[in-house]
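First chain written, first letter: the chains are A, B, C and D, and each begins at residue 1.
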Amino acid sequence: MPSQILTANARGVFAISATPFLDDGSLDLASTESLTQFYLDAGVHGLVILGMMGEANKLSDDEARRFLGRVLDVVGGRIPVIVGASNPGTLNLVQLSHDAMAAGAAGVMVAPVTSLRTDPQARDYFAAICNALGPDVPLVLQDFPLALGVHMSASILGQIFAENPQIVMFKHEDWPGLNKLSILRDAEEKGARRLSILTGMGGLHLPQELARGADGAMTGFCFPEMLVGVCAAYARGDAEAGEDLFDIYLPLVRHEAQPGIGLALRKEVLRRRGAIASGVTRHPGPKLTARDHEDLTSLLARIERRLATDGKNAIVAGAERTMA
Amino acid sequence: MPSQILTANARGVFAISATPFLDDGSLDLASTESLTQFYLDAGVHGLVILGMMGEANKLSDDEARRFLGRVLDVVGGRIPVIVGASNPGTLNLVQLSHDAMAAGAAGVMVAPVTSLRTDPQARDYFAAICNALGPDVPLVLQDFPLALGVHMSASILGQIFAENPQIVMFKHEDWPGLNKLSILRDAEEKGARRLSILTGMGGLHLPQELARGADGAMTGFCFPEMLVGVCAAYARGDAEAGEDLFDIYLPLVRHEAQPGIGLALRKEVLRRRGAIASGVTRHPGPKLTARDHEDLTSLLARIERRLATDGKNAIVAGAERTMA
Amino acid sequence: MPSQILTANARGVFAISATPFLDDGSLDLASTESLTQFYLDAGVHGLVILGMMGEANKLSDDEARRFLGRVLDVVGGRIPVIVGASNPGTLNLVQLSHDAMAAGAAGVMVAPVTSLRTDPQARDYFAAICNALGPDVPLVLQDFPLALGVHMSASILGQIFAENPQIVMFKHEDWPGLNKLSILRDAEEKGARRLSILTGMGGLHLPQELARGADGAMTGFCFPEMLVGVCAAYARGDAEAGEDLFDIYLPLVRHEAQPGIGLALRKEVLRRRGAIASGVTRHPGPKLTARDHEDLTSLLARIERRLATDGKNAIVAGAERTMA
Amino acid sequence: MPSQILTANARGVFAISATPFLDDGSLDLASTESLTQFYLDAGVHGLVILGMMGEANKLSDDEARRFLGRVLDVVGGRIPVIVGASNPGTLNLVQLSHDAMAAGAAGVMVAPVTSLRTDPQARDYFAAICNALGPDVPLVLQDFPLALGVHMSASILGQIFAENPQIVMFKHEDWPGLNKLSILRDAEEKGARRLSILTGMGGLHLPQELARGADGAMTGFCFPEMLVGVCAAYARGDAEAGEDLFDIYLPLVRHEAQPGIGLALRKEVLRRRGAIASGVTRHPGPKLTARDHEDLTSLLARIERRLATDGKNAIVAGAERTMA
């Protein structure tokens, strides 16, 4: 199987893949195949597996290998696949990373361990990780303060990037984070090495982030084709069309961005769209109530109406071009 | 001046008022008057002052009294005014509450002190607060786990409500919080005392919250007339029209809902709309960059376009009815 | 190999075992044997492996099984061995628990997942865990708010104990925690099922905890024989002798109780005492500086002097009896 | 009244003063006088008022001024008095600081606001505070991550010290914190400006901190004369005598260092020692149970016995010299 190596030139949408389970909680490898195909069909430019929203920390070591092997098989080298390797222990992190690269991954994504509290600790941590991985493993640094409790300023991030050339991508997920993004891009104007910056938060601020210089989105929103369309519109310089398309989905983006329950909402939409067989999350994980299902049904119907109604309008003229 | 007393029947929009400062950080009493009038003109059903988004903890004891006195003067008893009285010390909390009630406030709002960690601690705290305030002070219990780090389940809240009849309103601001809202309303179906429930988060989930039984919004979004219109649409049973109107503003709602910087964005829009003279927040508080201003300009222009364009559509037929 | 089953009658000292690594970070099975023998020689009444201070979350699934197998071999059923099974995913938790019980463990210890925020969530979590484990796996509920951020009141704990009879032991590690301990014991006076309560915090408050009704200590302090002596003194009603002995070691207890670095200090003393070959912790973990080594040397010398000097005094008359 | 100005040469014990209340919670100015005299009699080298353990955030603006005025009157310029000025709002902070300096304070102590998350934010904050205070107000920077959630590395602290010459003292209260202290002192060896460093944590690690170069203690332990004795012993080069004396009180130091309840324990001992009329803390604050009182009684009796018994020993020969 041909593999791709992640570089700092990566752009577009890297979908954070869910991990599908059967209703009894066991790993669903058939849905793994259909879900991977779903992302490919949506036109994403890359895939991220075994991330936080992939419930990676609920898999056994063996399950993680089987899942990543199946995804890489289906992808067949057509797009780069990044493997989430964050782990409380560096040896485990390195072992999974090397296994993943050997299996054809394009790079690995690592978030800071939650015990880091200061800039020097963050700097030491990523230096140690890069050293332990070896220089041939491209790294995505994941920054998600709301979930991890680790806060890294743009200045310490810049230092970490400068010292570790194998970090080629930055997963931006601070909240608020727009000015952090601008500071990082401004630093590149002044000579810092350019990284690929993809943004998260379920896409909640994607238009503003693209306007600030993000290269795309790295998130698992249940309509990845919208993310693709928005990024394409910005890439061709038609920001308003991108934002028009985005706004149609924003009510659902915002709904899915709720912490905790958001993953269950996302998996349920993936199920309704036929991408996976069951929307279940592994215990302990969120479950949807009947009213949660009703909310989703209503929000999905409104999106369909908006897509249909606005088809006659200038708004969707842009959107249609975008999604073509 | 005639005053109103807050009851559990309160509905609609209670605007969380900003506290206006001059560029040098001093209290701006002239803008206090114009801002209060701005809220009245927007048709809000109540006002909340000295809340977290009112930078209350940056005021001196004396400034707090002067500010609340001026607001109450302008309101002149036309709508109920709730005074945020949360304080690390109960004596200070009681003193401000009694001063506020004497000046014509309709009730006070109290959030749990941040040291509370367990259900019994929360229960004891609110029992002690009610006892210290005396039964004649109507209380709004503020629940805001993301900001306060205090997590109260629906079950302990139900117990607190049952034991303290002077709690007439619940400020709902958990995230995710829709099912918590449903559980509280379901409990009322089964015999629990009914409270007014108003929701926060900048209005981010307002349509879904209204569908779950919220009585309205308590938030400071910079277009309070939109909140009024949405609540009115839901009140007359036209949920889709309410959500149509909401969606036009959602990009800005989501933008303003960013923690920290959100307050500076809100005050800047209030300034642009002529409600206050300066958008400054007191130090240490967020400041806007030039790019932050550009984001706002773009988002505001898009709302104007949407309001104009969609005026020909069924969508805005509802919205126009709503805002009429 | 004969195995023991953990019951609510357990008393004394259950040592939290370190996990020994070679200097290169690999699992050290030879030191696993010597360390287990060290604890047996110290007279402990039970052993706890794969706990937080055992760096369990840095082991691979396979390493965890090899380590627990070796410990159980050495123990040979002479004392009960509890296996830490806490895991973000319940399936992994159950798999390890069942493997451990099959290998001869006496029970498993489970801490709440760190996402739990309210009493009902805690209650649901442990009900689900007990259900998933099946009724034949004796459970130790670990309460460690400072490290986990999960706060369970005595009242919700009492409810969890009442609803899940297989919970036979409570690992008490709240801080402050003395009154919580008293409330739990008082509830038993009033009819609640009695549990074994062992206390942690490195033993920092052991005398006061024993006076409040604790059955012993569950901690990994590097002189387990002191913990054994103190518990024995209290058990025979000679609290003052117990506290005299405790106070000799208190400077080191307090020093080792420092978060983070405490584990490295503990492992270094175990190394100096010949129990393990290397004091290294797995990355990312604390490392000692030259000054840290000097502090330890000084504190250990002072303990030796106190043990020698006070041998002539009434103080140590008690201590000698205790350690005999 | 003559006043002292705080300098970087300050050494010894700066007692964190409690704020005495009557049983009804009102400010007790008579006990304010007796407590201040108690600290003076214990031989402390400075006093800190309106700190976190002084319940400053539960006082009204007016009470804070009355309390500090009374303390400064009693002290009469004999020792430097530092006023805690931390506040969510900088204007309030500056107003209290200037009032305090005008009334005869030697300097003010400021902790970072709890919203700070990164090194640049901390740096900006203290630059702004120093600028707002003006260069004539000597500043103590308080570092207390466990309570505040703000983590500042030694490197950013060094930068803050370098940029703000009016910061003359560092209140060290990180946990673990010994290596942070060493790094700061090592930086001075290499040319950084020397600051006075006093340590907190209730004195829990005082001997090790003095060995690492601390200039003394800034804490409110209820036997300040012990802290004075220990610092004196270290100052004259007799570390073992200092540690001998310390160890006699360590069981109580450790007991009082419990978070939350520690303040109630401290005030109760101050009450038993006749320094204040009531041990009450303002609501919401900790209260002692009957068993808490028994623990204290027992621990105090043991200290008395140790002081008496060890009077015949070499151990206390040092202690007696120290306390003379």
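Here is the rule we go by: a residue touches a chain if its C-beta (ideal position, glycine included) is under 8 Å from a C-beta of that chain, and two chains touch if they have at least 3 such contacts.
Note that the structure is a prediction, hence the values are computed from the model and not measured.
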Give the pair among C-D, A-D or B-D whose set of contact pairs overlaps with that of A-C by over half, matching residues by number.
B-D
Pick out whichever of the two, B-C or B-D, is joined by more C-beta pairs in contact.
B-D
Quick one: subunit B and subunit C, Cα centre-to-centre, how many Å?
48
On a C-alpha centroid basis, what's the spacing between subunit A and subunit B, in Å?
33
Inter-chain centre distance, subunit B versus subunit D - centres from mean C-alpha coordinates, in Å:
40
Specify, in ascending order, the residues of subunit A that touch 2 or more different other chains.
260
Could you tell me which shape the graph of touching chains takes: line, ring, star, complete or other?
complete
In the complex formed with subunit B, which residues of subunit C make contact?
117-121, 145, 151-156
Which part of subunit C faces subunit D closely enough to touch in the complex?
175-176, 178-179, 182, 204-205, 207-208, 211-212, 240, 243, 247, 250-251, 254-255, 258-262, 289, 291-292, 295, 298, 302, 309, 313-315
Help me check something: in the complex, which residues belonging to subunit A touch subunit C?
25, 55, 57-62, 87-92, 95, 113, 115, 125, 128, 132, 260, 282-284
